[in-house]
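To keep things simple, chains are lettered A, B, C and D as they appear, and every chain counts its residues starting from 1.
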Amino acid sequence: MVVVELITGRTLDQGATVEEKLSDEYFNAVNYIELSEEDFKQLALKEGDRVKVVTDFGEVVVFAKKSELPKGIAFIPMGPYANAVIDPATDGTGMPQFKGIKARVERTEERVKTIKELLEAI
Amino acid sequence: MQDIICTFCGSVCDDGEYDLEKRKVKKFCKLGSSKFAEKERIKAPMIDGKEVSYEEAIEKAVEILVNAKKPLLYGWASTANEAIRVGVILAEKLGGVYDQCASVCHAPGTLAMIEEGLPGATLGSVKNRADVVIFWGSNPMEAHPRHGTRYSISAKGLLVKDRKQRKIIVVDVRPTKTAKIADMFVQIKPGYDYAIISALRAIISGNADVVPNEVGGVPKEKLVELAEIMKKAKYGAIFYGLGVTQSRGRDRNIENAIKLVQLLNRTTRWVIWPMRGHYNVVGAGEVPAWEVGYQYAIDFSRGYARFSPAEFSAVEVLLRKDCDAALIVASDPVAHFPKMAVKHLKQIPVIQIDPFPNMTTLIAKVVIPSAVYGIEAEGTVYRMDCVPLRVKKILETNYWTDEKILEEILKRVEKLRG
Amino acid sequence: MLIIKPKKEFEVCIEAELTPELAMKSVEEVRKFKVYYGNRVVELGELFEVVKEGEDKKLVLDGDFGRVKWIGTRMIDGEIVVKGNVGANCGAFMRGGRIVVEGNADDWLGIEMAGGEIIVKGNARNLVGCAYYGNAVGMTGGKIVIEGNAGNYIGEKMNGGEIVIKGNAGDFVGTEMRAGVIEIHGSCGFVGGDMRGGEIRIKGNFDLLPTFRKTEKGWVGDVNVKGEGVIKTF
Amino acid sequence: MLWIKNGIVVDPKNKINAEKMDIFVKNGKIVAESDVKKEDCKIIDASGKLVVAGGVDMHAHIAGSKINTGRTMRPEEMRVVRNIAGKFRATLGRVLLTAPAIGYEYAKMGYTTSFEAAQPPIGALHTHEELDSIPMIDKGALPVFGNWHLVFKCIEEKNLEKLKALVAWAIERTKGFGVKVVNPGGVEAWMYGGNVKSLDDQVPGFNVTPREIITWLIRANEELGLPHSVHLHCNNLGVPGNYQTTIESIKLANGFRNPKRQVLHVTHVQFNAYAGSSWRDAASGAAEIAKVVNSMDNVTIDMGAAIFGHATAMTGDAPFQFSLHKLIGARWSNKDTEVETGAGIVPIGYLPSNPVHSLQWAIGLELGLLVDSNKVVLTTDYPNGGPFTEYPYVMAMLMSKKMREGELKKVHQYVQKTTTLPSIDTEKTLYEVIHMTRSLPAKVLGLENKGHLGVGADADIAIYNLNPLETDFSNEFEKVYKSFKTAEYTIKGGEIITKNGELVKEVFGKTFWVDARKKVDLEVIMPDIKEYFNYYSVQLGNYGVEERWLKNPSRLEVV
């Protein structure tokens, strides 16, 4: 298990598929987490492995990707997978905290839920 | 067709060429091209998943809205001002809540503006004059792919002729694609934007001595270097993004950055502007501002507008279960809201107006498909810098526009409410 | 004394500017008091049971008032005891009297409070004692005590009075503060950004901004506004 | 059809001074008695009441990015509730008002026309969207020219034909009404952090001066024969000592002549009428300015009166706005706009206890009193000097020395020595004040069918519960003020829209725009425009506003 600071945000692929949310392309654009090389190694992952991301606000299974992030920082594209684990509190601003949430990431054999399954589970 | 205007991101590029035969757009980026590509549509109006006529769907929508004690009318960032205006008046008539996508995007910038104002510029000013551009928590290479070539990074301006004459700086928690093409990258610890901006203000105003050797993961020398660049700029621009608005400090980060810009303007010229996301999220705030006085998080339950993001932003309304029906226009809160907020949406009747099926379609009781502005319908939109553009109708369609659907709803509501 | 009890679970939040003045009215009048139930204006008696016991200028809100907003707004004297949670904007613009919340308080507790006392036995959320949107001055007098934890943005633009947090507080405590005292017994995040005056006392850990000067009085700043605010531990 | 019976009519354009007469209305116009069938007329009994044309506000900031930014940055301004949603729109606002509130409040006061005084050309569509959302009144907008690179280029080349073509092109593209000039050259200097300080300073990067910008634009404006003259916001606004710049600017009108109207309108002169060298020794320069204006027959001004209370400074004068922000430490918004113009916004207030604010208050009134009534229009430069809803205060003050004496006691006594206000005995007559608020602004704008009640005029009429034959304007100023605050009837285009301050009917007026394209050969300027569009961030083909996008456009063609 590694502990990371989770941020979420836009990507080109997420943007290009955002009007096709029920497509495989969108599913593939938002269902992963980017980890630093060190964290990736520490979890003994290989590209395409699945990890479970757990925060105080929920958990979600996503695919793991290696990326040029600093150690201890992880990134999930904005979308339903990210939103399963971010902090909903807006602290009175109206804006939930989409970036900078403490998360535990661990390897898992569990399946990545489809978008519909994710919605049903809410 | 020439001068086609893109209705995807806040850059609202207006130099597209559309090939009517191939049904393809030229010149636009990956995001813009995807916008103009054919894709799956909501085929017909639906109630509980069953296809109905526009009139039947509208009747049902009106019934839900009129009976609600507090309907939430949310979305609006991807539609035209003409539709937004009807939506705002509808919210006023219904005694509901109007909120728009900015509330989970750039609305903290509005809160900061309430505190300090917004010293800004149009993108054309930046292109012509800015010799230093800082992208702070923003990543145009992914979110606004042509921003750099058209306005900010390599744009060919009047006084600043090209990329070589312009210094690009990226401040972010991770080396983004934009950071890779920058002249300087300042990597900061997540959540320390505010402290770093305070430190820059102190250095620039002659109080460098109090600043410790490291702030938010950045060595003091680097901050001093950045401060020097800022002071020496002839005309600098800060473009901030969701990295600032959605993380620790939110509006306070921006407020602090605005104070930094105020300070810099005492000796040189600087401007600051948000990298707004959707093509008309600016209109979704400007229209209600002139119609009812506020940009977002507006409650009409007392028959007039009140503003309080802590209470009337869509996420707060949903977390407090403070709405009993929702009308979602041109947006997908089910995909973009935190899980706990989506939970309440699933429990109340939802009406959706949108050209495309999305996650909100999956939970909506009434679904009303609409025409796509900029392709199938004409309308006014505001680029991220509030420059108005009239997007065009290129293709014929049988889909109704958002404006027409909302007008029909409003007409019926007015009849019932008197 | 007036005892007010919710009759049912509410579908949406309620706005009810309940103040101790109500305790001076007859039960009949109180039942007719107008409250906002979403976009419907209804009589208090429709949603709440009302019982009068004696002539004290006191309201006892018996039950969960966590979705009832604006309780104690502009009150000048008397007492309100909330047996459970209280909704947003409680004690807004209050000038005197006392509010005791036995549960938790929602956002915007004691907006621009000028006098009186608010005691929250549980936790408070964000924006305690702050200036309302667009206004220049926050709390100017009185005292707010939170026995549990508090959220973010406590005491912004405060210009007098006292806020005591017995537990932890969130981020951005006392931003642009000018006068008054904030005391935090636990830990908190950033403190005193652009503070001009006043004092913030903290027992636990906090995030110091890089714009305060260490002196024997404590940390003094914020230098960015030539401030003379003091942050110290105790 | 309407028959307004037995009213006491004041109609300066038609030289009618408090005469009892009837007014007839048909198809939205004032008509002769013989043109109506009396039995089909709705009769309004105006016995003992004042009947005048609807008020015309020729300079206010009512639409576009500036006021909307003001609303956004000042939620505290929006917490005054004026109307609850019902048959009519909900309206809000203390001084800054929502678009529906602007229309309703003008109408309640008996005003039926208002012009947005500064429209950034590239933002024209935004301005028009807001104008289209303002109910009740007729509207127009003045695009700004004084810092536009293309204007500088034409002047550098001393090419009048190009300049005329540019003006005609730009007014058409913006669906604008005339030529507004804001701090000529100074806003361009602000792009480098500076300002211009005199009429002969060179504009950075260009071989032009403010003097040349103003003069050439007057020349172009007059050769085009536009309905309105050049409308000038002078250099050095808000700077003690600036009255001299103002006088010099006014004199630039020498040598130009137009039989119908002035050739130069200098706006919100209060802000440009300060003597002294700093705010510590500032004094009024109003008397000197008045002398010059009175000596010329081709210049008009408007007051820009300051009203005590809240206000928001919003102008295209971006460097001034930054100075103001530095001076008072308030919030500051700025907008550098392409290669065209700029703007700034700062919240302000006028306190009677403040010597400078009292000085500003006094200067506005001095201008109104000392300048010939045929040359000064009543404005507050809304919302810079304060709310337009307080025009009745200014009207009553101009007509009553006694009221002024009472007010002078409440303000900072600094004004006693620094202004002439305490010594002014003039009391403007009702006829003069009605002229300053109706027929004069209409004439200054070049709107022939506005501001009067002659046959053929638009049927925009205000009826006030005030009998001028029985009112002592010197002494009954409270009654006068109250009467002008709320019209008994406001009639717009022949329809009753308000009655005793209650809304009766929501109507949407026209937006006037001027088309002077026939007067020029656009081809002389198109190559330059095309070249300059390399420095725009939009395509030339997407620039501008089409007439069909407007709700109710009214084209005035110049031939």
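Everything below uses one rule, namely that a residue touches a chain if its C-beta (ideal position, glycine included) is under 8 Å from a C-beta of that chain, and two chains touch if they have at least 3 such contacts.
To keep track of the chains, here are their UniProt names: A = tRNA CCA-pyrophosphorylase; B = Formylmethanofuran dehydrogenase subunit B.
Being a predicted model, the structure only gives us computed values, none of them experimental.
Q: Please give the intersection of the contact partners of chain A with those of chain C.
A: Touching chain A as well as chain C, we find B.
Q: If you average all the Cα positions, which chain's own average lands nearest?
A: Central chain is B.
Q: Using the stated contact rule, I'd like to know whether A-B or C-D comes out ahead in C-beta pair count.
A: A-B
Q: Can you work out the whole-Å distance between the CA centroids of chain A and chain B?
A: 22
Q: Go ahead and note the Å separation of the Cα centroids belonging to chain A and chain D.
A: The computed centroid separation for chain A versus chain D comes out at 56 Å.
Q: Take the average of all CA coordinates in chain C, do the same for chain D, and state the distance between these two points in whole angstrom.
A: Each chain's C-alpha centroid was found; their separation is 46 Å.
Q: Please report how many Å separate the Cα centroid of chain B from that of chain D, as a whole number.
A: 34
Q: Residues touching two or more other chains, restricted to chain B: which are they?
A: Residues 95, 111, 114, 248, 300, 302, 307, 310 of chain B touch two or more partner chains.
Q: Pull out every residue in chain A that's touching 2 or more other chains.
A: Residue numbers touching two or more other chains: 91-92.
Q: Identify all positions of chain C at which a residue touches two or more other chains, and write them in rising order.
A: Residues 107-108, 126-127, 133-134, 153, 171 of chain C touch two or more partner chains.
Q: Can the chain contact pattern be summarised as a line, a ring, a star, a complete graph, or none of these (other)?
A: other
Q: Which positions of chain B touch chain A when the two form their complex?
A: So the residues of chain B touching chain A come out as 8-9, 30-31, 34-35, 39-40, 99, 103-104, 107-108, 111, 139, 141-143, 145, 173-175, 187, 190-191, 242-243, 245-248, 250-251, 277, 296-297, 309-310, 312-316, 319, 332, 334-343, 346, 355-359, 361-363.
Q: Where on chain A does chain B make contact in their complex?
A: Residues 5, 7-12, 15-23, 57-58, 68-70, 73, 75, 78-80, 83-84, 86-88, 90-100, 115-116, 119, 122.
Q: Which residues of chain C touch chain B in their complex?
A: Contact set of chain C toward chain B: 11-13, 15, 36-40, 67, 69, 88-89, 107-108, 126-127, 133-134, 153, 171-172, 175, 189-190, 193-194, 207, 209-213, 221-224.
Q: Which of the residues in chain D come into contact with chain C in the complex?
A: 73-77
Q: Using the touch definition from the top, list the residues of chain B that touch chain C in their complex.
A: Against chain C, chain B makes touches at 68-70, 94-96, 111, 114, 194-195, 198-199, 201-202, 205, 207, 210-212, 215, 248-249, 252, 256, 259, 300-302, 307-308, 310-311, 320-324.
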